[in-house]
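Mind having a look at this structure? Questions to follow.
Note that the chains take the letters A, B and C in the order they are written out, and that residue 1 is the start of every chain.
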Amino acid sequence: MSVVCFLTDFGLEDDFVGTCHGVIARIAPEVRVIDITHGIAPQAVLQGALVLRNTVPYTPAGVHLAVVDPDVGGNRRAVAVRSADGRVFVGPDNGLLMLAADELGVAAAHELTEERYRLADVSHTFHARDIFAPAAAHLAAGVPIDALGPAIDPETLVRVEVPKARAGRSQVSATVLDVDRFGNVASNAERAQLEALGIAVGDRVEIRLTLDRYYAVRAETFADAPPGELILYEDSYGLITLAISQGNAARLTGVSPGDELRIATT
Amino acid sequence: MSVVCFLTDFGLEDDFVGTCHGVIARIAPEVRVIDITHGIAPQAVLQGALVLRNTVPYTPAGVHLAVVDPDVGGNRRAVAVRSADGRVFVGPDNGLLMLAADELGVAAAHELTEERYRLADVSHTFHARDIFAPAAAHLAAGVPIDALGPAIDPETLVRVEVPKARAGRSQVSATVLDVDRFGNVASNAERAQLEALGIAVGDRVEIRLTLDRYYAVRAETFADAPPGELILYEDSYGLITLAISQGNAARLTGVSPGDELRIATT
Amino acid sequence: MSVVCFLTDFGLEDDFVGTCHGVIARIAPEVRVIDITHGIAPQAVLQGALVLRNTVPYTPAGVHLAVVDPDVGGNRRAVAVRSADGRVFVGPDNGLLMLAADELGVAAAHELTEERYRLADVSHTFHARDIFAPAAAHLAAGVPIDALGPAIDPETLVRVEVPKARAGRSQVSATVLDVDRFGNVASNAERAQLEALGIAVGDRVEIRLTLDRYYAVRAETFADAPPGELILYEDSYGLITLAISQGNAARLTGVSPGDELRIATT
């Protein structure tokens, strides 16, 4: 177990990520760190949990260090969670880890209390550096999970709820989950919900978003529509997503995560 | 051949880059990935091709994975191109790879069709993850290029055209190719074109840019002019570039890639 | 000595950082590079020096390559500085390296003049690629520091001055040193200065910042205040910092590094 996959909301403008890399390299020089992303919106636990869940299948088995931690310094626990396939998820007990871990099945969970596996001085505000990165490094270097602290009942771990899209007779009311660099707008609408409304690839649908109305084509990929046209497609993680072929749908519509997206037949 | 140099327009806010790192590490754990940049402007194939060409001489021989791919999911081919010196360029057949590959000489080209060297499920919109990164990983791990798919006639590979600056009797009409973080504005003007106009280091030149007129000094480096003054110099990749000593020329002038830049004698 | 820790103001939008990674990998393939950050504000030498000093204790011993270099191409020297504990700092002689190096004690300093340890063609404007990264790679690969050029008297190395906060009878006048991604505003006020005014954890203080007045609670961590309230706490590097629990203090106050921050008893 010699890989740590690392995901945070720290950005790369500051030294937070680099400092954690340094801490890991001091403890476990032979361990490789793969940065999944540090671009989770600040303190957006749900977004972080979704990205972690979506990307785990594409990463090597090992330790998954994830930190989006609005309650750092408060009462939330620091935990390590082992999944049935032997991966270990390290981070705050606020739901961030659990969409991924529950999907794989939780085999064990421990609280990170053992001082030997923390830095000597633990700050009030940078537990990624002082608690989480050291734990991940020690785990990747071979320390067994039960050495890091007492076992926790997995049932007591905090979960986040993923909002569900609601389907009516002629429309689906979905929530925007994510907006990416290309302006693609991912929602929680499900393919089956569109199919139940009779919406097939090639059909024209009506979109309601941030007080405005648009028309889009249900497509499979960007090339299915002329440049500049809105399309509704299933993205590479299976999310129903609004995009503009060779354009930026988020900029056009002014949408943000959490906004309502309504999709209706025409 | 154990290094993959990686260049895209994906940015680092999303998980696209990290997911590709994960895919490569799963296939070829011993291969090292060097991120050249992921800051190419979205879908800017020409800019990506120029940066790839400029940086290749500074990178280890190995596999060059480059993805700027506005036509993903359409008819453009996925290719691997081997240069005369043994490097292999992997990416979409839209010209992105070819400024670099043609400079080195193309020895062979293959289409990436072999399913064994793709992920099991290929999405319509994320071929970097599903086709290109797996191909790069297998190549770096030692799979021969001709195992990845049928040979292609190199003549049929798509090329991009780099716009050329035009020189008149008293001025050069150039195109802005790139604006960097420091606000330095690189153009396609050539040193020989300036010299033909009799413009030498230390001379004052007139600049026309985005409807405005400026004066700059032909210089060798930032230190040749007092802070705040515009200079015109040959940048570290050989491009004639407009800058402000200890300032930001792009912010002053409001310029974007593609804009015209006219340089005239005074 | 097989790690290079790398810090610049280059950002990641351009290829500057990736090209330096390439140069290092060509010279010393077995050396690992850890990116501390490349988000130092352009040409902000003091900020870079502070981040370097703060992060060194969390990084492996090795070579520290740091480049914030507004006078590139001018007369400033290129140097390598060895600290008493055996680390080597490589970069421009403009003070960037010296907060860190002086804290550890300077054992030796050399100017980087030896052509064998530079690239063959040295540009006027990209010494990170042509001089500093090659030197760091050779040092990390085992070249002794005195092979890189003549010894320099450490006394002649340029230092930056960290502004000091001034304490009056009822207030501290401090300077903003840094604003991070979460909008936390770090200052040079010292904990002892607050204590001398009788300000204890839990107390309410008055803040004067950018012409406005605010009230904050002296706290230990974000969780000590309800969401939305301003707190004043000692950050994880020991700096007295203004923040909003689960919010963005910099956005609220419009502050920038260099601004005055006054903290007064109420």
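Definition applied: contacts are C-beta pairs under 8 Å (C-beta built on N, C-alpha and C of every residue); 3 or more make two chains touch, one makes a residue touch a chain.
Since this is a predicted model, take the numbers as computed values, not measurements.
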Topology of the chain contact graph, where touching chains are joined (line, ring, star, complete, other): complete
Copy pair chain A, chain B: interface residue numbering same or different (half cut): different
Where chain A and chain B are represented by their mean Cα positions, the distance between them in whole Å: 30
Chain C, residues touching no fewer than two other chains: 12
Footprint of chain A on chain B - complex, ascending: 10-19, 21-23, 25-26, 29, 42-43, 70-75, 123-126, 129-130
In the complex with chain C, residue positions of chain B that touch it: 3, 5, 7, 12, 32, 34-39, 51, 54-55, 58-60, 180-182, 220-224, 233-236, 246, 248
